[in-house]
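So, here's a batch of structures to check.
Note that subunit A is present in both complexes that follow, paired respectively with subunit B and with subunit C.
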Partner chain A sequence: MIIWTIAKNSWVDQLRNRFYYLIILFGGVLLYVSLLVGVLAVEQELRVLLDLGLALIELLTLIAAIFVTTTSILREMERKTIYLILTRPVSRLQYLLGRFFGLLISVACAMALMGLVHLSVLLAKGWKFDLFYPLVLFYSLLKVWLICSLSMLLALYASSTLTAMSITLILWLLGHFGHEIAFLVKKSAGIKAALLQTVSYIMPNMTLFNLREVWQHPDFVFSWSVFGASVAYALLYSSACLFLSQRLFNSKEL
Partner chain B sequence: MTAWIGNFAAAALFLGLLGMGSERLVFWPFPSLDKIEVPASEAALSLVSLSLGTRRIGADLLFIRMLQYYGTPEFLEEKEEGGRAGEHEHHDADFGGGVYAELYPRAQRILSMDPSFRYAVLYAATALAFNLGRPEEATALLRSALDKDPRYWRYHYHLAAIAYQESREFGKLAGILAKIVDEERETPSMLKNMLAALYVKLGRLEEARRVYEMIRDSSQDPDYVRLAEKKLLLLEQAVPSQPR
Partner chain C sequence: MAMDAALSYLNVTKVYSRSHLGRRYDTLGLSELTLEVRAGEILGLLGLNGSGKTTSIKLALGLLTPSLGEVRIFGKRPQEDGTLKDVGFLPELPYFYPNLSPAEALRFYGRLSGLRGGDLEKQIGVVLERVGLEPQRKKKLGEFSKGMLQKLGLAQAVLHRPKILFLDEPVSGLDPVAIRDIRELLSQLSREGCTLFLSSHSISEVERLCHRVAILVRGRLARLVESAEWEKAPGRLEQIFIETVAK
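The block that comes next holds the complex of A and B.
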């Protein structure tokens, strides 16, 4: 209950944040730009619209999420407003989880809003609705979910917004290089290969959630077991990050 | 501090095991880095696409650049310098001729970014085989595409069409092209236009009219729509259509 109250407050706080609206507005502008780019692809306009739109929704939500995660707790700590919450019967874990879930709700809302705009553009252009579309957005949300927990951990560890943001972005990029790192592992040998392999395992595996890249591939087959495993991966990975965040947060002297 | 290191090590071990298990779940039909060949001018675009996990967008942008390349009249600058400024080579009935030496490597690059971009392959193969007279490049492109997407029947038919074109068996060529062409968005209007022109050449005007009507009604390319309207008008003048 306490977690939910903090999450709700956190969400309302995000709704008051101008940056949040800026991102959604920017999303609208970029979707408009993708319309123009789509025209250049002539008979493949729908494909381009679909690809660009889905990627932009994901990337913009990611930027918003990283920015908000890394700034919100640190800002409250700097301004000492965190005392207003922690002096009440609220544990640090509850505070952390409330903030995290509040952020996730606002990210999901932004994603749904941009998805609706994108979907209406696609339908207006003659695209036939595919049930995979909401699933692709859900997978993107899982990606952002995972990266939010990671950036929260980094923000608490680094105590610097900029450092946390930069490292999170690097991890995001590396997470998409899973197959390329595997390729490098094959080309390397000895300790270098072992080190690369270990790092690639610890990195968040973003390709697992990259459904928007593969769902239209002729050989792609949807499997509920893979879906369940992907959700479980996101849950477990973010739980591990939240666990570490909580340990860090507990050890901090506010 | 020791407790913190212990926590961190435990989490890293847990995440490592998780990562090891997750690797098997990924469906990733894209070629590895060593299979992607890009010139320096497109290296940045490819790198950004790969880093952000947006290979399809990379392929889309390469495709748009290929369309712009093939849609821009060759040697235009030289002509304008030679005193014929403003006189452009318009896309017309048999447009698409020229050299366009970069078309084949550009199509291969698209294929290496996204092996399932069938339209781009069919588009480039049609241009190479039937407009630019380079069936060997078209065949090589289709064979590379078939290596990655062996069950796509249109590639097989396209290869057969190129063979008929080479042996100048135009009746059979029309037959095989008719199988490839339908109202699906995967078939480039260029190919439909080819078939219609072939029907006209063979004197099968009613079939030509049907294909031009298909282009007029379903193509998203305004150039081909205008061309089809023009051709339909000419056909109407030559052979008035029967009231349906």
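The block that comes next holds the complex of A and C.
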């Protein structure tokens, strides 16, 4: 109940702040792009619109998620609004989980709304609905889930918004090079291999969630076991981040 | 520890440690503080900046952990389950989520304190009326003045009917009318049996409100003064305070 109360508070606070602006911005960009691609990509209009739209949704949500997660708890500490919460019968774990799920719900809502705008434009242009569309969005959400938990941990560790944001962005980028790092591990030996192996374990493996890039490939086959493994990975990785965040947060003096 | 102690500091020391480039820097926040606040009394903390007033309050609320000694609220450690449900806290210049209305903010804090349903809604009405914010019930907090925010701060602190109330600079930066309103509210709470523990720079306010005053100097309890004592003193509490901090 306490976790839900805090999550709802985060959600309402975010929705009244910058998320609507983000959606309006995205809607504007998307409509502008849809008009442009009609002129620039005569035969590939739908394909470009689909790919560009999905990439934009993921990117905008991700940037917003990193920004909001890294700033929210640190801002609460700075403004001391956290005092009014933690001086009640609320544990630090409950607070952390409440904030985390609240931010995640906000991000999921923003993503769903942006998806609806995108889908409306696609359908208006004559695209035939594919069930993989919501699944692609779900995979993007898993990426954001993972990044939210990682940026929360980094924000608590670094105690600086800019540092936490920069490191999260770097890890997010590196996370897309999972195959390349695995290749380098195979090609290396000794300490170098061990180091690269450690890095590959610590980094979030974003390649597991790249359905957006492969679902339209003619050879693509959907597998429930791969789906299950991806969800399990996201859950385990974010649980580990949240566990470490809680340890850090418990030791923090406010 | 006396049975009727609402709050006890038992030989409490707080040292803030900070590391920079491999070196550790220690700052003494509070030193060997032993103090009891009796149930139902108003105890004021006076001291210069950095004397340990806010540290004492944060230690009691579990926001900080003592380096040595322990703090007890009604016999329990602040971190123990259920201790904080009897506690209310008004921080110095409280900040609220600017997009919420007072009723929404109180609903949030009330739920965190365990209030639900009809009882919560009734309490929101009662405390808003009490602090005089009922007419602004639906106004956004971003539009509130400092005095109104302070009143809302007090409303959230007493919403769940705490037995002990911690107030950090409750009249800081307020105009004379708002100060009078806050003072009247605090006196009323005390008459209802609530224990008040407040820190302040305003000697005249402390003098008017408190039954006892603890004067902190560089983290140490330098003097504990009863109201009867300053009422008899020629320069009243101000003279006692200045003599104590000048030593």
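Note that the second predicted complex is superposed on the first by the 234 of 254 C-alpha atoms of A that agree within 3 Å, B and C clash if a C-alpha of one lies under 4 Å from a C-alpha of the other, contacts with A are read in each partner's own complex, and residues count from 1 in each chain.
The criterion applied here is as follows: a contact is a pair of C-beta atoms (placed from the backbone, for glycine too) under 8 Å apart; a residue touches a chain by one contact, two chains touch by 3 or more.
Since this is a predicted model, take the numbers as computed values, not measurements.
Legend: residue contacts after superposition of the two complexes on their common chain; A:Leu40 is shown touching subunit B, with no touch to subunit C.
Once the two complexes are laid over each other on the shared chain, residue contacts for A:Ile181 go to neither subunit B nor subunit C.
When the two structures are aligned on the shared chain, A:Val214 is found in touch with subunit B, with no touch to subunit C.
Residue contacts after overlaying the shared chain place A:Val117 against neither subunit B nor subunit C.
In the superposed three-chain model, the partner touching more residues of subunit A is B, compared with the other of subunit B and subunit C.
In the superposed pair of complexes, A:Leu169 makes contact with neither subunit B nor subunit C.
In the superposition on chain A, A:Leu196 contacts neither subunit B nor subunit C.
On subunit C, the positions that touch subunit A within their shared complex are 16, 58, 61-65, 81-82, 84-85, 87, 89, 91, 94-97, 99-100, 104, 108-109, 111-114, 156, 160, 166.
Across the interface of their complex, subunit C is touched by residues 1-2, 5-6, 9, 12-13, 16-17, 79-81, 83-90, 253-254 of subunit A. Subunit B meets subunit A in the complex at residues 3-4, 7-8, 11-12, 14-23, 25-30, 32-34, 50-57, 60, 63-64, 67-68, 116, 119-120, 149, 151-152, 185, 188-189, 219-221.
For subunit A in complex with subunit B, the residues that touch the partner chain are 37, 40-48, 51-52, 55, 59, 173, 176-180, 182-183, 198, 200-203, 205-208, 210, 212-214, 216-221, 226, 229-230, 233, 236-237, 240-241, 243-244, 247-248, 251.
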